[in-house]
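Letters are used for the chains, namely A, B, C and D, taken in the order the chains are written, and counting of residues starts over at 1 for each.
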Amino acid sequence: MKNMLVAENVTKTFDGLVAVNRVNIVVKENTFTMLIGPNGCGKTTLINCCTGILKPTSGRVLFEDIDITGWKPHEIYRVGFVRSFQIPLPFIGLTVIDNVLGAMRNPGEAPFKAPLLKKWAHVEEENMSRAMDILARVGLEKHWDLPSSALGAAQLKMLEVAKGLSSGAKLIALDEPIGGVDPASAHEILSHVSRLKEEGLTFLVVEHRIDIAAPFADYIYAMELGTLISEGPPDKVLNDPKVIEVYLGKEVEAC
Amino acid sequence: MLTVRKLNAGYGKLQVLYDLSIEVPAKGLTVVVGPNGAGKTTLLCSIMNIAKVFSGEILFEGNSLIGELTHNLAQKGIAYVPQMGNVFAGLSVMDNLHMAGYMLSKAEADAKAEQMTEIFPVLKKFIHRSAGTLSGGERRMLAIAMGLMKNPKLMLLDELSTDLAPIIAERVMMEVARMRDELGITILMVEQMAKRALEIGDTAYLLVSGQVKYSGQANSLLHEPELCSMYLGIKQLPGQGETKLSVAEEGSEGN
Amino acid sequence: MSTHGHFAEKFKDILLGRAFHMSLIIFVLLAFLYFSGGTSIILSILIQVAVFSIITMSLNLEAGYTGIPQFGRVAAVIAGAFAVGAIPGRIMAFFMSLPYGAEYASDTVNVKLVPQINAVLAGSWLLSLGFLLMCIVIAGAAGALVGWLISRPAIRLKEAYLGISMLAIGDFLMWVGHNWNIIVGGSVPVYVPDPFRIFGAARFNVIVPAFFLIAIIIFIYLNRLVKSPLGRNFRMLRDNELSASAAGLDIVKVRTQSLVIGACIAAIGGGLYVIYTGSVAAIGMTRLTFTFWPWAYMMLGAIGSNVGVFLGVFLLTILRTMIIIYRSQWFGFLQAAGIDPLWLEYTLLGAVIIIVILFLPYGLVPEKVRPMLPANRVKKVISQKQMQT
Amino acid sequence: MPPWMSSGLIYASGLALTAGSITLLYIATRTFNFAVASMATIGFYTVYTGVALYGGLPYQYFPLALLVGAITGVICYYGLNRPLLRRQAAEITLMMSTLGYDLVLLSLIQMYADFLTNTYKLFPRRVTMSLYDFELFGDRAAAFILPVIAIGILMILHIFLTKTKFGVAMRATIENPVLAGASGINSDRVYLVSWIISGGMAALGGAFMAMAMTGTPVMGMYTIPLMFAGAILGGLGSIYGGILGGFVIGLTEYAGVFLLSQKFGAWVLGYRMGIPLFIMAATLLIFPRGLSGIPLFKILKSLAGGSLGGEKRGVSA
């Protein structure tokens, strides 16, 4: 399996505070790779550094062997690496389907072509047809024409995934896809995601509700205080004393 | 003293707590434990009307707290020590203590502040420094002192042991137990350092993914081997055999 | 559903819609003004509606659709007004071998020059029309340039910082015009050659439909623009910049596009305004008239709906006019105390902004959330999908 | 003192107060207060009415200006700002709402000017307030008194914010509203007091500025970009920064115009507004978050001890 994403020695400091400290991760193609760790351990900061929201202080980020360190988010998006946000950020003034369409490109985005329906309508129709397929894959096809502000929390999470899919991305980074979602919907979301993985996509998932998410993972990285403390297949990481310590405090012996 | 019934709460659209019911008996120490992201902090925030309550009941001494403004809650005798942002970084240590005792008279506040500096000598040393210059541990001490300043009937403590050296954490825990024993303060404590908390606590609740998975005597909860697996969310730890799901069900019925 | 039922449904929607009710109110008020004041009042209302709906629609593009806090609308309007005041007349002067340099704008020369140009314009249909088109093109170009220049620093700033900076730029341009005599005469207004002179006494009756036509063309253009993938990009930027960027948008580019198109249109509005008034006084290009009033029009009508903007401009312009006409009848008590009731215009402006914010946060005709493609095409795609499954 | 300097000091003191008023309100309530324009004009007219109708020196009417300004602030808070804050309105909405209030006030000011003209036969539309001033050390007294008052107000504010219980509670609320609420501090009252102080400062600032420039009903309207420039230059993070920013803007306007007109000729005078706006633009281009983004300013601030507001609101939240 080839490497989709490689982060080499990524370090990010804020005013002298080290949020991410020389972290190395590798996301292999067609895997569900999980990044776990307690609140404030630097998971989201790491994802932000990889997807261009933040610029790493040092280190390199490679996507399919292209150095994407310091690229802008829309440039990283173009090479096929997209992300979702922990708190869903839908475009509330748009319908569900337009939220998905917004991530697809269309000649009608050029100012001189935009007023001329003929120049872009056929592409838009194709896109829309594709968008409907994507919505069906995440279980939102019935809500395509609702304003996205009318969706519930779990649906918004799936909309984020759909936005990622619509770009034709190869790697999708999901920041807490099941945070704030009830356990039943969380299972549903993750089964959708794992079905998409079967179809050939790669996922990098940040999540701390490992009780629900771990069974879906192929490989887990655990972080604490900005550094990696463990990595490997789920069995290995979740039984790693260091990980248990982070999650349980010091009283492992008590159990 | 405090009763929470069928609470559904969260932030904006995100729901974090699902039909959560807990009971905090007067003059007791109630401990809420659970993995990251279980909604422990959100529980305290919904009591303080900081998070959004979607439905359910919160009763304090028989009166509903839903919709009460936060500062009125403080005047009713509920003190809240948040995990993050628990001191005023721009104010001196002395001012922090006085602000915490905002509802006390000048003389009372002075006396109480004096008492606090005796309990926490480190505060005396930095009394005129601004709280922003304190180290993590010192800040935490200040936060606890600020909670105690209020002479509360009910104290809500969020993750006291964060950032504290083990020895100091131990002392803080003893201090909490002493507050219950000597001052007769009712305490609702959310804690990551589960073992110590459960040792000193009276009643305990285990929160997982926004739902109560276990409730009962703090001590007996400590002796449940499932605790470990519950925390980590692994259904089967190697060598442990089948999980006793019945325990969890019993627990939720116990509410 | 039968076609007949469909139309009945649609008709019912329109009848119950806020836009329809607002139009009714406007119509009644207009009829009332017509019977009490005659045609000239109606015409003066219509001309203002035409000019200000252009300016307000451009503001709506930037603020309503793209979410830019455009508190410097006046800057682009000034660009158009100054360009029309300074350039087309000079071009005419050049071809007529009249002075066209700095002295064109000096008060003693300008007052003699412009009537000469007007006389030539009045002699030819073609020339007049060409002159009008030239004015529009020059105004639009100047506006686009200013919009682009403003967008350069603007991309780095956020929210209120951006708003205040644009407000300051607008003010600054006004002071430049007021002091730098060679543009539009500084403190003495320059005259603008009049492409409608050819109609003589009927000038006004022609200007109104002509400007309305231009406003409607811009309305159609903007409606198509915002109902396109580009319009969707604008809205994405408005709803969430971070998310828009993660969805592959170059936010700097999209913001620049909105600012340039908006400024271009606003400048055309400014150019038309000075053609209608016949002169450019820099000091009259205030942010009160060309930034704050358009904001009030837009907020009352609807942020993000051009029909709403149109109705908002109409309704408020009528109310403003009524204050002017009926000041002595209705506000006699103020006049008795020596107070000019015209100041009530400011009260109206302020009150509208406050009331809208407090009670009508989405305006009278809120934007409808619909797909960008026309409904029939959307239906085709969706039914195809449903057939597949 | 050369004339540009005396006028500059007077004007800059006024601008400092208005910029401080904008900053205080912004850090307390996230509201960019447009109404500072009319509040300043109201302050000027309060003083003008006093001296024109009842005689005496402008200085005796300053407390009255403070009071009137505070009242306009209270009205705006209860009528407009509080409902919007409760609704957690966006920054732009808060800003637009004060614009509406500003325009209503402006119309009232215009009517009041008409009223003064008609009833008392005054000329309130072009007022030279410096005529009512007296002479001190061979110069206008205002050039000495007003900077002193401005500094005095700054000191009183500093003492209020650091030494009184309520002042400290204000800083606490501004820094961390959640924790302050949990400590029993009523944030409503803090916002109200912010409006009172800020309204008073704005009105006094207007009364100051009128001592250096021609007092007109639209003077606030014309100078509001400069007030904002001062506040933005100060970085909107600390009230001292805002006051300093306003002072710098005011003084450079007068000094800059003087120096440039000596070098290039009198035509520069027309562009006087350009100088402060240029300073603001330049600052924002280099430091998009104003002076407080400059490390030097941070150092100064830390030397001055804990200041109001801190760098970020709710750092810890």
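To be clear about the criterion, a residue touches a chain if its C-beta (ideal position, glycine included) is under 8 Å from a C-beta of that chain, and two chains touch if they have at least 3 such contacts.
In this text, all values refer to a predicted model and were calculated from it rather than measured experimentally.
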Intersection of contact sets, chain A vs chain C, gives none
Comparing C-D against A-B, which pair counts more contacting C-beta pairs? C-D
By Cα-centroid distance to the whole-protein Cα centroid, the innermost chain is D
Measuring between mean CA coordinates, which chain is farthest from chain C? B
Just the number, please: Cα centre separation of chain B and chain C in whole Å. 57
Per the C-alpha centroid definition, the whole-Å distance linking chain C and chain D comes out as 33
Averaged-CA centre spacing for the pair chain D and chain A, given as whole angstrom: 47
Are the chains arranged, by touching, as a line, ring, star, complete graph, or other? ring
Could you list each pair of chains that touch, in label order? A-B, A-C, B-D, C-D
Of chain C, residues touching chain A in the complex: 221, 224-225, 228-233, 235-236, 238-240, 242-251, 257, 261, 304, 367, 369-374, 377-378, 380-382, 384-385, 389
Okay, in this complex, where on chain D does chain B touch? 165, 168-169, 171-172, 175-176, 178-187, 305-310, 314-317
Contact residues on chain A for chain C in the complex? 51, 53, 72-74, 77-78, 82-83, 85, 89-95, 97-98, 101-103, 105-111, 114-117, 120-121, 124-125, 128-129, 132-133, 136, 144-145, 147, 149, 163, 167
The answer for chain C against chain D in the complex is residues 69, 153, 156-161, 163-165, 167-169, 171-172, 175-176, 178-180, 288, 292, 295, 299, 334, 337-340, 343-347, 349-354, 357-358, 361
Using the touch rule from the top, collect the residues of chain B that touch chain D in their complex. 48, 50, 69-71, 73-75, 79-80, 82, 84-92, 95, 98-103, 106, 130, 132, 146, 150
